[in-house]
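Both complexes below contain chain A, partnered by chain B and then by chain C.
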Partner chain A sequence: MIADAKSTSTPMVNLTINDRPLSVPQGTNLIEAAAKLGIHVPHYCYHPKLTVVGNCRMCLIEMGTPQIEPDKKSVLKPDGPPEITWMPRPQIACATLVSEGMAVRTHSKMVEECRKGVMEFLLINHPLDCPICDQAGECRLQEYSVDYGTGGSRFVERKVKRPKKVELGPRVTLDDERCILCSRCVRFCQEVAKDDVLGFTDRGGHTTLGCYPGKKLENNYSLNTVDICPVGALTSSDFRFQMRVWFLKEARSVCTSCATGCNITVGSREGVVYRYTPRQNDAVNSTWMCDAGRLNYAWINDPRRLTRPLKNGQSAEWSDALPDARHLLREAGMKGQLAIVASGRASTEELFLVRQMAALFPAAAVDIVGRTGGHDQILVSADKNPNTSGAKLLGLATGKLAEIKKGIESGRIKTLFVQGENLEKAGFEAGLLAKLDALVVLDILPSPTTQMATWVLPGAAHVEKNGTFINGRGRLQRFLPSFSVKGHAHEDWYILKELLPEAEHTQYHSFHSVFEAMVRETPALAGVAWEGVGDQGTPLDLKL
Partner chain B sequence: MAKERRIILKHIDQPGYAPDIACYKKHGGYEELKKAIRMEPGKIVDEVKTSGLRGRGGAGFPCGVKWGFITPNNPKPVYLICNADESEPGTFKDRQIIYKDPHQLLEGMIISCFAVQAKLAYIYIRGEFPEGARILEKAIAEAQAAGFLGKNILGSGFDLETVVHRGAGAYICGEETGLIESLEGKRPYPRIKPPYFPVVLGLYQCPTVVNNVETLCNIKHIIAMGGAAYAKIGTPNNTGTRILCVSGHVNKPGYYEFEVGSLTLGELINDVCGGICGGRKLKAIIPGGSSAKVLRADERFKIKQKQPDGSMANRELGVLDIPLDFDTLAATGSMAGSGGIIVMDDSTDMVRALANINEFYAHESCGQCTPCREGSLWMKKITRRMLGGGGRKEDTSLLKNIADNIAGRTICAFGEACAWPTQSFVEKFRDEFEAKAAKN
Partner chain C sequence: MTIKIERPVLKWHENLYFPAIWGGIKVTSRHFWKTVGNWISGKKYGMITSTGRVTMEYPEEKWAVPNEYRGAPTLVKDPDGRIKCVACQLCEFVCPPRAITITPEPIPGQLPNATVEKWPKEFEIDMLRCIYCGLCEEVCPEEAIFLLKDYSFVGESREELVHNKERLLELGGMRQDKIYKWKNK
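Presenting the complex of A and B:
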C-alpha cells in the first residue's frame, strides 16, 4: 500500500511567495508551497508521487534568501522586511525546498521569459497534431500554450522524426513524436510498478522512449503511465480514438473490481462509459489504479443489459412483478422455506435493505458469494468483492452458502432471492435451481441464474446510482451516478424496498432515506452523514 | 617573455622516458607518496588549500576547498574519481599524461585518496582512449606489485583499490554527475545540484571527489615542494602551472606548460607557437576549449586588476595582452576552461566555424533537459542551413535568442557550453552572419 503520511512533528518554515507570506512544513518544495497559496507553477516532469528529476525546466522561478550580517542577523529594508539576495539564475521550483526567510517570484518577467522559452523548445519538434490527439483537451502542452505560447512559430527547419504507433505493451500505445521526455512513465515503472521496463535510447534531440529489448510494458499498472503522461505520447490502446475527452461527463466513483476500492473518475457520454481513470485518495490508492480494474467496465455498456422485468423469461410489467415477487418471498418466509443470496458487489444501502428483507420475512439463511483471486503488494486485493466489509458489517456474510445449497437439494429451501449473482459460478447448477418453487433474481445482465428465474428484476449498475462500499480496510466510500438507469430498469434500492412488506414502503422514499435508516440502525456508522463521507471516504471503526 | 616551466610535463617527450614504473622510479617517482603516506591526511588537505590549486578540468574550482567538504569520519565510504574523459574540442593535455607518464597520475591519485581517505578510486577514461586504458591498467598492476596500491600501502595500513572504467563515447560523461551516473551503469544524465553535489551525494550517494587528470598530478608536486612554495608559482589566486593546448592556424600547434598568468595570449601565439601560419592575420581565439566564448582579434577589454600592493586598478587590454590565467579570462567574458586554445586566422568563415561547433554540441547533448536538447539541435540546423545558402535576415537574432534561452536554464553546464559559442560568435561577428542572409 502506498503511504503518504508526513510526520506531524515536522518543523514549519516561513517564506514569501510573490510577497505573500506563508508557513509550510520543512522539506516542502516550491511547487507544493505555491499551491498552498493557490499559485500554480507550471510543470511537466514533476509529479508529487515520483522522484524529482527537474528535466522539463518549465517550473523555473526566481528565488532569493535573506541577506545575513556577520552577526547572523538579517539585513532589513528601511520599511521593515529583510533585504533579499536574489539568485542571478532561475531555479527549478520542483527541486528547491523551502528555507527560512526565502523569497520566491513565480511570475516575474524573467520567469515568464523562461517559460516562453521552454514552451517554444517543447513545441518545435512536436507534431502539433492536436485535432487527432487523444490528449487534446487535457494536455499540458495545450494548457501552457495558452499562457506562454506564441501565435506563430520561429522554427523553419525539419522536425525530428520519431516512431509512431508503437505498441509498448498490450494496453499502451506510444506516439514518440509527441513525447517531451519528461520521464514520468520511466520513473513510475521503476518506483511504483517495480517493473523497470521503460527507458530512453539515442541522445539529445533524437532521444527515444522505448522498452528494454525483449521486454514489454505489460504490468498490471501500465495504464497509469497514460494518466501521468502530460502530453499525448502514451495513449490507452483501449481509449485511443474512441471519444474526444471534452465530451466526457465525469463522475466520482469507486472501482468495483476488488476490496481495495480505488477511487476513480468515470468518463461517460450519453449513457456509455468510455473510461475509468484513478482519482487521488492518499488513504486508498494514491493516484493509481490497476489495469484490470480500469478496463473492467465493458459490462456496463453490454447491449444485453436487462431493461424490463421478466416473468419466466417473458417481458412483464413492474406493476405485476413487484407484488408477485413480494408475495412469493413472504409466503416462503412464513414457511421457513426462504433463502437469500446477497452480493458483495452491492452497495451497503442495498445490503441494508436485503438484511431488512431477511429479518422481516424472515429468511432461513442468507449469505454472500465470496470471490477471491490473486493480489499484489501495490493495490490489488485478494478479495474481489468491493463490499465484503459492508456485507460483514450487516451480518450478511455468514458462510452459509453451502447450507443454502444443501437446503435446496433437500427441498427444505423452496424459494430463493438472488441479488446480482450468477449462481452457476458458485456451484448452483441449473438442475439444482430447477428444484426451487420460486427464484427471484435482481440483476442487470442475463446469466444462467436469470434464465432459471421466476422473476428477473432489472436493477442498475453502480455508475447509474448513488451508493457506498466499505473497502477491505474499513473505509466507507461513496460512488455517484454518471447517468440514469437503462430502459425500464430501476435503481436497486427502489426494487428492494418494494419487495419488503407494504408497511415498510413509505419510510424508504428515496435513496437518502435508506442511507439514513442504515446509519440509524448500524452502530458502527453512528454519526456518519452522506455529505460528510465526501469524495475521499471516511474510515470506520469496524471489528469484523 | 616567460619560458615554459614544465612541472607536469617534465619528463614527457624526453628521449628514453617510458611509461613503465622502473623509468618513473628512476626519475624520482613515488618519493612523494612515501612522504605523504606518513603525513596526517588533514595536513595534506591543508597543503592543497595553501597551494591555491584550482581544478584543471574547466571550472577552475579550488581543489583544497572541494576536498574540505569531505568531512572526516564519514559514516559512508568516500570515493575518488579521476575524470579522464577529456573530450572538450581543442583539449589534448590529459592524454599526454595518461599515455606517456601514467605513474605520475597514479601517484597524485594515491596521495589524493589518502588525503580524503578514499579506499576505492576510479579512473573514468573516455572510450576513444583504448590504448590509454591499457597503459593505465598496466601501470596500476605495476604499482600494485610495488606495494604503492592495494592493501597496506607502504606499511601505512591504508588500503586503496583503483579501477579503470572506459566510457562509451559521450562528451557528457565529462560532466562530473553525468560521469557518476555512467559509472553506476546508467545513462549519463547529469544530476540536479542541489542536492547531488558529488562531495555530498556522489557515487552510490556517497561523498565523492571528482578531479581532473592534470589536477591530480599537481598534488604530487604540491607534496614535493609544499603548498606555500607551490602557491608562489604563477600569480596570486591563479597558482601553479597549466598545460595549454594550442590548435588551429599557428605555425607550431601543440601543448605547452607555463606558470599560470606568466604569459599573454600574444606571446603564446606569436612567440611560443611561431605566429599565424601562412603569414595571414589573426581573426579570433577560443581560449578555453570549444565551449569558451570566442575573442575577436581587435577586441579591447577594460579589466579591474589587483595590484601587488592589494589595490585595484583598471587596465585596458587588447586580446593579445590578456595574461593566460583564470581570473583575467573570466573578466573578458570568456574562460580559461580546459586550456584548449583554438586560433583562427582571417581565412576562417566564422559561420562555418560556429556550424562545426554547433554540430558537436547538438550531437553530444544528452537530451535530458528541454532547453539544451531542443536548442542545441535547433541552432545546429540553423547554422547548417546558413552554410547551405539558406540564411535569412532573422537568423542572426534568432540564433542569439535561442542561445539566451538555453544558458543558465539547464541542469548542467552543458547548457552554457552549447550556448556560449553561438552567443559570442553571433555577437562578435554579426556582419558575417548577416552577410549569409544578404545573399537571399
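Presenting the complex of A and C:
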C-alpha cells in the first residue's frame, strides 16, 4: 500500500524495451523495468533488497537514447517513432535507471555475445561439482549456462584451486571454488544483518571469499546468505547433502517460532521436512528470516510423534477416545470443575473451536501459555508464540494461568484440557497434575504433560494442516499443508469439534466450515475470505 | 481425454475361430516337419543355444546374452577402490518405476576419498520394481552405475530382492576410469 502511494507521486518515465512501450516510475532500474514486461534480464550480483554494485556483468544490455535536434525536439524516423542513437558498448541493466525515451534491447546479437563471454569467464575456474553441489537444480550458473552459455569450454589450462568445505560459522559452509564473487553475501552482512564479517582477499582468479580474521559468520541471519548466493558457494551446514532440491515439495507456510510470522516455503519429501526457506512478503519479512526460526523444524520429523490416541499411556481407538473425552470435559464443565489451557501456537481456527468449548462452560477458566525471549531490531520479536494475537482476539489470552494452577492446587479444578502445551515448562509440576481427576491433552509429541494424561489425542503439526496465524502486528496469514497427518493422528480442528457436544459439532464438517464460522462470529474478521487472505496475508484492524 | 478404440468387427467365418486354429496348426506343423527334416539330414538346428540344442538345462545352463544386454543395475568402484557414486540422486529421480532409494551422507573427513565430500550412506535398488530400462546408467554423471548381464535373481522374501549398497558393489566390481575426476580435488 505504501508502495502504491509512492508510485502515484513519483513521475512516470516512458521507454521501450525490445520495441515494446512501457511506463515505469522514475528511479526504476532496467532489470525491474524489463521484468514488468515479463522479460528476464539474467543477473547474479543484483538483488532487489541490496545496494547495486554492478560487478558480475551478466546483466549487460544494449541501450540508446532518442536523437535530439538543437531545438530539443527528437528526430523522428520517416514512419513515426523517434530515431535512436545506440550506444556502441553494452551497459549493465542493474545500475542503469530508466530515462525518458530510452530504448533498450535485451536480446540483440551483441547482448547474446556478451552473455556468452561472461558465462565463459565465470566457468573458467568453476569446478565440475554439480553432482555433489547442493545448489544444483536451483543454481543460476546452471540455468544461465543452459539459457545463455556456450555449451563447451575452450579453457585447457589448469583450474585455480581455492579452499573447499570452509566453515564460515556454525551454520554456513563455504566452497570457495564455486563462488562467482558477486558479493551479495558481503552486502547482506553489511546492510541487512549489520554484522560486517565477510570480505574478499587476493586478486583476479585467486580472489577468495572469507571472514575477517578473528570473526565468524554467526549472526542470527547468516543462513540468508545461503539463499541469496546465486551459486552453491554458500551452503547450509544443516541442509548440506541431505536431499536434492528437485525432490522437495514446496508448500507456502508461516514460521512458528515468533510473533513476527515470517513467510516461509517448507521443503519436504515423503512426509519429511528438509528445510524452511523465506518467502517474500514485503509487509512482514522482506525476503529474509532468522536462523533460529529456519532451523526449528526437527520436531516435525521426530520419530516419537504421537500417532494414536492414548488412554493412561495405553494405545486406544478414536471411537473410544472422542466420546469419552467429550464426556469427561462436559461433566466437569457442568460442575464448574473444568479449566482449559489453550496454545498460542495453535491456529486461529483451532483457538476458535477452543473458545466455542469454553463458551459452553462459562465458569471454566481459560488461558494460553505465554512465551517470551530475546528480540532484535530486524525480525525477531520477543513474543515467541506465533498466534498470541489470535488468542487475544478470541479472548483466550486472559492471564488466568496462575489462577488455574491455584484452582488445581485447591482441588476446585478437577479436569483440565490442554492444547499442545508442555505444562511442566509453565510451572505445573507432575505432582500438581496428579491431583486432577482427568487430564485431556491434544498434542503431537510426548511430554511430561502427556505422560500424566487420561487421554492423549494426537493432532497435526502446522505443515500437516491448513490454518491461519495472526502475527504481532495484526496480520492474518495462512499456512498450507505439505503432507498429510502421521499415522492415525487427526487434524486438530477435527478433534476439537468432536469434543463439542454433538448438536454443536455437525456444523463443522471441514476445515473451511470452521474458518467460515470463525469469520462469521468474530467482528474483527468481517469480510475476510480464505482465498482473499492469499499468500501474503491480510492486515486486520485489531485493537488488542 | 478418453480414447476409444473400436474393436474390429469379425466376419461370420472369423467368429467360428476355426480359421485361426487352423493357422496355428499350420505354423506348428511347418516347424515340426522342418525339424524332422533337419534331424534326418543331420543338420544343426540353427544356433539357438551354445550347445546347438533347441532346449537347454536351465538354470545350470544359461543364455549367452549379447553384449548390449541390459541386466541388473549395479554400482562400480574405480581402480583405486573408490565407490564412484557421489549420491547425486539423479538416477533416483529418473528411474521410471522408482526402484532406487538413496540416502546421501558426507564422507567422514579421515577417509582418503574425503575430498569427494559426498557418497551414498545407503543405496537400494528394488529388483522387484526395476524394469531394466537402463536410464540410471544413462543419466549417471559419474559413470558409477552400470547394467550388467545378470538377469536372474532368486530370493525367498521381498527384502532379499532389494539390493543394498554392499550387494550392488559386489555385483558391480571394478571398472577402469579414464578421468579420475575427483583425484586432485
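Everything that follows uses one rule, which is that the second predicted complex is superposed on the first by the 533 of 544 C-alpha atoms of A that agree within 3 Å, B and C clash if a C-alpha of one lies under 4 Å from a C-alpha of the other, contacts with A are read in each partner's own complex, and residues count from 1 in each chain.
Throughout what follows, contacts are C-beta pairs under 8 Å (C-beta built on N, C-alpha and C of every residue); 3 or more make two chains touch, one makes a residue touch a chain.
In this text the structure is predicted, and so the values were computed from the model without any measurement.
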item: Partner chain(s) touched by A:P90 [first = chain B, second = chain C, both, neither]; value: first
item: Partner chain in contact with A:Q242 - chain B first, chain C second, else both or neither; value: second
item: Touching partner for A:A503 - first (chain B), second (chain C), both, neither; value: neither
item: Which of chain B and chain C A:T207 touches, first, second, both or neither; value: first
item: First (chain B), second (chain C), both or neither touched by A:P131; value: second
item: Chain C versus chain B, contacts on chain A by residue; value: B
item: Contacts of A:A298 with chain B and chain C, given as first, second, both or neither; value: neither
item: Intersection of chain A interface sets (partners chain B, chain C); value: none
item: Interface residues, chain B side, partner chain A - complex; value: 170, 187, 189, 192, 194-195, 362-371, 373-378, 381-382, 385, 392, 394, 398, 405, 408-411
item: Residue ranges of chain C in contact with chain A within the complex; value: 86-90, 92-93, 104-106, 115-118, 141-142, 181, 185
item: Chain A to chain B touching residues, read off their complex; value: 52-58, 60, 88-90, 92, 95, 113-114, 117-118, 120-122, 124-125, 154-158, 160, 180-181, 199-200, 202-207
item: Contact set on chain A toward chain C in their complex; value: 127-128, 130-132, 136, 164-165, 240-244, 246-247
